[in-house]
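In the two complexes below, subunit A is the common chain; its partner is subunit B in one and subunit C in the other.
Take a look at the complex of A and B:
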């Protein structure tokens, strides 16, 4: 055997190992959601079992799950849309305009992510209480925006900077307005960055647990909070939790697959020599 | 009043001066070529005319109006960028139509204008392709197409041919000349390539380090360069410069010595006041004005070094006394062998003389 084939096999095995490690928890979650309580608690764990849909029946019988999923969807979509709406023009400005305080503004965006979220949980709770926003979608959207905007701004600024400036100048010469240049050049050509930041933003908002736990009770409770809420009391219904987890993961996967189609490289190919 | 007038244009990036007091006029329909070494400010000047760059000082007039503070789109100027700058996500058709759409032209008229431009540039079969599916020459035509549909008052080309291969370059050069003739619009063309400059230009503007060195028709610049820089820049192969000493001068003539003159001092006609005896000046001789057949009243003794055969002509490199190398352009091929002694002859009235400050005498 040549050293090249050995190398390839090692490479392949390495990739398999990494993939297996990454996917095993997901597999365990899905498979567990089809187990009954006896199989779930079996030691050593069982690999073959008779699948049951009982967990899903229980989960959907509980209005918390459906409500939580709907709330998560509302909050994550609203956050993502708003983050893109405000973040992409900001990124365009940071990428292409010179203005006073640009470097400071840039740094400020970074500092937003320096503080551990839990440090702010109590102040945010008190603020939300004062503003009578507890247990609303709005408070979650606002707080998630503070996390997602910097991500959108960073990723998109970097992406917009990679667009040749002559394209904008050519468009200006042709009479395009600033808005049109942003809308018809920067957004389509920066689509990969916009897509990546949209995915990040959506996933973050969808999965966020800490603030959702602190700021919601019932009306605006999101899916992750609903999943953990089953843990109350003496018994831990693993099957139900795993089933809820599986239900939660699905929309994110679908969203990512749809958006990732825009994540192609080389969109600006052919623009310049 | 001239169609395009640049008045005392100054441009600085921070403290770095890029253009220092550039003034220039161009007539309607004229083809003006900017030449100069890399970084001398050609693109910057073009972008100032287009309005993409603000001037630090000075004014730009187009068609009688002061447009110094007018936004680019209102100047009715089209530019073909050094890098083409096609919109990569739009089809060729939409690239060409972009400016017309912005101006709110009705659809049927846009289609007509695009079709007309495509016909002129012979890119009709490419209209539905994306820029990445085109060759360099095709992209360049699309960029020109985008510029001509708007029927601008002024065309700006920034080294549009610099990335094309030699053959395509020659072909596009002719097409641009043809386009200029058929549209009759003022064009300003930036290039590094002095063949392009000589063949396309009505007038050439030679720039160096942000200043205009000389403006003139190609033949004027070739025949009467104002200084050594222009003399060295215009004409290919490059002019030979020899360091010579003045031994005598009279009204309209100057006598010079150089170790390579086989018969002692040589007298050269001169139009400006002659320098004093003892001064050192530069003698410029174009390679094509030197010959190996003894034609001319003066000559240089040289030793054959190497020859470049270009097919019909050859460039002969030879060493002369004093250690300088001269280049002689001759028809056919030299029959000399390395180390052989040659006599490079010329007519003193064809020679160029420059004073110590490199200004023409």
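Take a look at the complex of A and C:
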């Protein structure tokens, strides 16, 4: 065997190992969600078993998971729409205008991306309590803007910059207003970036735990909080927990594969291209 | 950009000549107003709260201003420094491992050949990054269970006896660190891979003819292209570990003892389980100051194009 073939085999095995490690925990959750209680508590754990859908039946019979999933969907969609509504015009301004304080504005957006939710959770809890907004969708929708808006602004600015300025000049010669140029030129041409930023905004909101844990009780409880609350009983219902976890994770996995090429850009606010 | 209208008198060149001076403001206003309302206003409220005695369980005397007392209390409180210590230990436990593993995997992905397998690996690396952090914590609880967890099964194949992961201070720390390494190594990998693909192919080819040592290639040719990414990794991982909450909260709630009480978990406990919101606000403001410093550093070192 030549050393080239050995190298190729090692390369292949290395890639297989990495893929297996990356997928294993999520695979283990999915497979556990199809186990009955006996198989779940088998020691040592079993790898082959007769699958059952009972956990999913139980989970969707429980209003907690169902409401949690619906609440998560409402909150994540609403906050994404707001982030796009507020963020895309700002991205247009940042992409095409020079103005004083631009660097400071960037700094502020990036700080918002890095800030620990606990910093805002304390005051927002007190403010929401005074405004009687605890346990409502609206308080989560608004607070999630603190991390969604910077993401939308960043990705869309990048996208709008790649649109040739000549198009805008031509439109202006035709007498198009500034707003029409944004609405009918930049938004359609920048649609791919807008879509990617919307997906990121949805994923981050869907995944959020700390704000939801602190700011909701029952009515507006989101799916991650519902999944977590199953842990608090005396006997831990592992099947239900893993089924709820699978329900939560499935949509974000689909979305993340769609935006996989942009994942790093989204998580670093564009440190790498 | 020049003024397209005919016959306009020549004026000193300014980029936005054709735009109204306030045009950018109209487009920026919604985003800025929104962030002021949901970001800045609560922050100011937190600063004010941090100067009050504000304990929800003792409301009889109201919430009087007490100057810097909360800050003095925080800075002389060994458990706050303990939480920062745990956070720093966590950083040094996970980030070097993530960089080493990330670099190895990035090199595997950068190596030519096996296109389909490389594409598959790249896609599968995205999945840990997207997995809901709370669910990662729940998976961790199951995987690291002493009796029926799969982690102990793996160890038993190597003849290592059952470890009581989450009940043991060191074991709990290691379990959370392992979940973090699983979730964030792909992030490091993808950043480093982007750096590797910035090396001009002709330079890499020429260097490969010069030397057969992969280490020399890495050090002299590829490393310069990896440095910006490494800077970004160090700063972003610091910020992310300062805000790390979901996984340790679900796996251990900071225990046993305070062995996994990272700083965000600690502040959450003081604020929402001890209900000393004034003290917790002072801690949160100190955390915010650290974040602002990191963010400044990030702009300075990574974001050169903006300034």
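Side notes on the structure shown:
We adopt the following convention: the second predicted complex is superposed on the first by the 231 of 273 C-alpha atoms of A that agree within 3 Å, B and C clash if a C-alpha of one lies under 4 Å from a C-alpha of the other, contacts with A are read in each partner's own complex, and residues count from 1 in each chain.
In this section, a contact is a pair of C-beta atoms (placed from the backbone, for glycine too) under 8 Å apart; a residue touches a chain by one contact, two chains touch by 3 or more.
These numbers were taken from a predicted model, which means no experiment stands behind them.
By the touch criterion defined above, A:59 lies against neither subunit B nor subunit C after alignment on the C-alpha atoms of chain A.
In the overlay built on the shared chain, the residue A:164 is in contact with subunit B alone; subunit C does not reach it. In the superposed model, A:124 makes contact with subunit C only, not with subunit B.
Touch criterion met: A:175 reaches subunit B, while subunit C stays clear of it. When the two structures are aligned on the shared chain, A:185 is found in touch with subunit B, with no touch to subunit C.
With both structures placed on the common chain, the touch criterion links A:198 to neither subunit B nor subunit C.
Greater residue coverage of subunit A by touch, when subunit B is weighed against subunit C, goes to C. Residues 169, 172-173, 267-268, 271-273 of subunit A touch subunit B in one complex and subunit C in the other. Listing the residues of subunit A that touch subunit B in their complex gives 164, 166-167, 169-176, 180, 185, 188-189, 266-273.
The touching residues of subunit C, when paired with subunit A in their complex, are 1, 4, 15-16, 18-20, 23-24, 26-28, 30-32, 34-35, 37-39, 41-43, 45-46, 49, 105, 108-109, 111, 113-114, 117-118, 120-139, 141-143, 147-150, 152-153, 156, 179, 182, 186-187, 190-191, 194-195, 228-229, 232, 236, 239, 242-243, 245-246, 249-250, 263-264, 267-268, 271-272, 277, 280-281, 284-285, 287-288, 291-292, 294-296, 298-299, 302-303, 306-307. Here subunit B touches subunit A in the complex through residues 47, 50-52, 71-73, 77-79, 81-89, 98-99, 102-103, 130-134, 136, 139, 146, 150, 163, going by the rule given at the top. Residue ranges of subunit A in contact with subunit C, taken from their complex: 8, 11-12, 14-16, 18-19, 21-23, 25-26, 28-29, 32, 40-45, 82, 85-87, 89-90, 92-94, 97-99, 102-103, 105-112, 114-127, 142-143, 145-146, 149, 153, 165, 169, 172-173, 178, 182, 203, 206-207, 209-210, 214, 224-225, 227-228, 231, 238, 241-242, 245, 248-249, 252-253, 255-257, 260, 263-264, 267-268, 271-273.
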